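Dropping the structures in below, format is structure tokens.
In what comes next, chain A is part of two complexes: it sits with chain B in the first one and with chain C in the second one.
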Partner chain A sequence: MNDMNKVGIVGYGITPFTKDDKKIESILLDSAKELFKNNSQINRDEIDAVLISTNNNSKYLSPVLSEMAGIQPKIAHTIESLCNSGTNSIVSAYSYIASGLADMILITGAERYDSPGQILEWDNSRGEFKHPIFWASIFAKSYKREFSISDEQLSIVSVKNHKQAKENPNALSNKTYTIEDVMNSKKLTDDLRLLDCSRPCTGSASIILASEQKAKQLTDQPVWITGIGQKTISAGFTKNISFSSMESTRLAGKTALKMAGKNIENIDVAEIHDAFSVCEPMALESLGFSNDGKGTSMVKELHETNNFKINPRGGLIGTGHPLGATGIAQTIEITQQLQSNAGNRQTENPQAGLIHNMSAAATSSTVLVLEK
Partner chain B sequence: MSFESKLTEGKFCIPECDECKKIVWPPSEICSYCFGNVHLKEGDFVGKIIEFSSQKDQFFCIVEFENTIRIMAKISETPEIGKNVKISKCGINDGNYVFQVI
Partner chain C sequence: MNDMNKVGIVGYGITPFTKDDKKIESILLDSAKELFKNNSQINRDEIDAVLISTNNNSKYLSPVLSEMAGIQPKIAHTIESLCNSGTNSIVSAYSYIASGLADMILITGAERYDSPGQILEWDNSRGEFKHPIFWASIFAKSYKREFSISDEQLSIVSVKNHKQAKENPNALSNKTYTIEDVMNSKKLTDDLRLLDCSRPCTGSASIILASEQKAKQLTDQPVWITGIGQKTISAGFTKNISFSSMESTRLAGKTALKMAGKNIENIDVAEIHDAFSVCEPMALESLGFSNDGKGTSMVKELHETNNFKINPRGGLIGTGHPLGATGIAQTIEITQQLQSNAGNRQTENPQAGLIHNMSAAATSSTVLVLEK
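And then the complex of A and B:
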């Protein structure tokens, strides 16, 4: 591990998440343009690779974005892994740099509000219940029974994350809600309400990774990727070992922390993949931020003390979930936090942050650790 | 006959490897453990309810067969965790497998 080159984040660009009906190619360019506008020190001729994160069915998107952005990279391709495509792309870019194949890489994630990545057609074990609200309902029912948790306790996740999203100018939502609002929002199933769900949207996020030498030349505030963990248990939802915890998250978290030489207590700020309310406490428990069954108590305490430690940008629930852009947007948030550049969302002097990004009912998880 | 052709006839079969005898799920013609060929076992299989929820008074549940196979199925009566059930109806509708248990 020590022989590998160090990899840092040297720039980012992100645009507001919306319900806009735009072509994927234009959406990709939106955040790439933002990135180069805000980082004029980055020479596009020195970009060795352009990696695209999306579930969109359009083809050849990396050469397309490269041409539109005036880049002629050595390596150009798309990475798709449903909802954690974004962090998967970051892991691929990290590997190219750590191995010496590339020195500087642009990663752009984008999605349209009508992404085909919302339904995994292959997973026939789910019968006619393929929409994500059904696995989320099973998770919620199982979690509530296992730990005697109420719908009201789960709804605080949505209240907290909408409140935090209000401080994020790029978030889809800019409204705050009470527990009653969440409880009274449209009932989608017996165990899930509308405000418990993240919403698909149109969005784009770009990031540039570079080798240590290049990162130090290009920025005074590099943020280093010091831990990476990934685990895939299955593709099919019903193969999950438990419906009240996330095994892939537990294993990915352990690997990432071990690589970074950190304990979960050393993590000051984290982005958690709250596709639905119940996912936040489940992930907090599986990552070790709280004991089993105590995730909602942690969420309640953070909310009551106005502590933005978990999901400062508003999570997927408050910010919106443009699948391929989500993992990159989460990574940008932790970068901004570590650079003390997160505006009203800033947590107190964080030294280390964590990103949790998962796919298809936690059948697969990626965890990253970032440090100043 | 493939699992899907049997399912279209309303028959739920359990795919089992000719070589290692393990159950292969989701259905495949090749075993995910030893890459052996897979055959279909027919029968009146009994499953167990693992979890459930409901949408507009329609209950849906996760049912486990032979401690291995899990499917999501409709059920008309209020489900109970651990209760034994059998497939009452199955098929393919609009490309999706559909299962009902009783």
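And then the complex of A and C:
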């Protein structure tokens, strides 16, 4: 890296994930209002950019939110990259600050339960199989075969993440489930059941990033973005080298850890993009948290020891998955963990956390490292 | 500014603006292919980011274009801000390079003639008056009244820009018109006629930005981005202080010139966002090229002396306005001018050029300064 400005997280706002049928403009405003309520020290006149993360088809949402929130930013636009729009926006904000073009940036991610990003219309080669569950099924079949993993073994991901979501007041789910419950939930494909899937929902999450100097003025608990890694392999998942691991995640993770000067052993808490149960062990393996084929064993051990290290807020499976808000919500969770503000979800004195956010069969991934 | 990397334009590709009914994926690929054809020295493996500028509702277009073009970028997403999506993408690419996160970036802007960005759906207070022509009419009425300008006087903008577009092989229009032609064209509102309007069209424009070191390796005619200014006042145009000037343009222009260390007198050639005829004199005045109320006189003089200084490619009125491609196409024109590659449109040995790109009644504006 060059002589960059350090970039910190100075405030956030998040509201409950629901099945509400509301206009995207109102959903965006929900978490932005919550942010300003929680952070009265932030002067809206000093916000240089407002970035919107969403798959919603409405246009010009940054000026719309800015006007509603009383902000007149320099930089204002929407960023879309399906399910990792949120972390793409955070990386973009990071670069605006690091480059000196901006000093303080509001990022708001929001989505409706019926987001057009949930259907992979762009990949005509998929024929009827446009719903993400179809690639996830191929992943599940391939992963289970390669590593001799059973459906019961995979179920532990959903059991753990629903349990953890119960401690998250903003999660869509507030029920716990047993392995039997997961196995008995509706079979959607040969390899995946209803409780293996994250659910689309309506959600909103906002975060403020600032330069080092401004961050230190505004909070005595800044959290720093110290590692960034991104990689896009393709758009169509058939270009993946393997259906049992995530190449874009592996490369993004490596880059992010290198930038932060960390090894995976130094990461105390992580948000993993568990769009479907199989994604959690696959991502844990591709990031190096676990050896290949041992991700479900790791999840099982964490569950049995009641260790919230992976997906403390309940993951996408427990919390719900409002596409454009997910990456922001993941980043807020790691921020709360590092600030020891995570309530019953708090892990033990974490110093460094990681966020893994991906799109469309891991054809693209973002990995961020955050530190106190 | 901090100790930034210098950012240069090292290559571009642009294809004719048409009324073609093609898929957005194909339109994006058109100018990207043209770019790589014209710039065989560029190694696709060294492209760190692919940014898409469009209002199209299709998702995940950056990975889609990347896959088609044989690129595996780190950073990949779509940027939307209605009509100034293009320059928003360029500023974003600038910051990725200046921050050190990327070394070389492809930006492709594309739009279909039936872009959803042409209807201001987000502003419910407009009732039926959702088409941009309605704000433009209010601007025209207000501007004409305040400065005692006649419809005939405004017509010169269209006459000049169609004349200039005739020298642009990629322009939608290849006809010249007289003031009488403009006055006799179909009246669309009390204050605007058909030939006062830019036309929606299908278009594609691509550009490659790189760090100073890489730019100098790749081209002996790099063009540098030396000034950047952006401002959003609101989303709804009723928040404008005046309907006879452009406040966001004035502020963005001031910031861009200050960053470049230039005065408006130092600008030799400029692209101005003439979505409607009245926008050209208003923008010229708000940028300081002309005194208030004297913009049409300036346009008339340029036309009479056959001086292509303002909107050499024919502006939006002559070239057509494919929303997401416009800001990129404007930037390509100024690049060609500074490289003395503008054919019959060439202005005399320009050293510094300016791009003005705005959205929705100038509620937001971007101004860029480019130099040899």
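The working rule: the second predicted complex is superposed on the first by the 371 of 372 C-alpha atoms of A that agree within 3 Å, B and C clash if a C-alpha of one lies under 4 Å from a C-alpha of the other, contacts with A are read in each partner's own complex, and residues count from 1 in each chain.
Everything that follows uses one rule, which is that a residue touches a chain if its C-beta (ideal position, glycine included) is under 8 Å from a C-beta of that chain, and two chains touch if they have at least 3 such contacts.
Please read all numbers here as calculations on a predicted model, not as lab measurements.
Once chain A of one complex is fitted onto chain A of the other, the partner contacts of A:K231 are limited to chain C, with no touch recorded for chain B.
By the touch criterion defined above, A:E121 reaches both chain B and chain C.
Touch criterion not met for A:S286: it reaches neither chain B nor chain C. In the superposition on chain A, A:S142 makes contact with chain B only, while chain C stays out of contact range.
Legend: residue contacts after superposition of the two complexes on their common chain; A:K239 is shown touching both chain B and chain C. Once the two complexes are laid over each other on the shared chain, residue contacts for A:L188 go to chain B alone; chain C is not touched.
Once the two complexes are overlaid on the shared chain, A:F134 sits against chain B while remaining clear of chain C.
When the two structures are aligned on the shared chain, A:T255 is found in touch with chain C, with no touch to chain B. Of the two partner chains, chain C is the only one that A:S62 touches; chain B does not reach it.
In the superposition on chain A, the chain among chain B and chain C reaching more residues of chain A is C. The intersection of chain A residues touching chain B with those touching chain C, taken from the two complexes, comprises 121, 236, 239.
Looking at the complex, you find that chain C touches chain A at residues 1-5, 25, 50, 55, 57-64, 66-67, 72-82, 85, 88, 91-92, 94-96, 98-101, 116-117, 120-122, 228-236, 239, 252, 255, 359-360, 363-364.
Every residue of chain A that touches chain B in the complex is listed here, in rising order: 121, 123-130, 134, 137-138, 140-142, 145, 188-192, 236-239, 243. By the touch criterion stated above, chain B contacts chain A in their complex at residues 25-26, 50-55, 60, 62, 69-74, 81, 93, 95-99.
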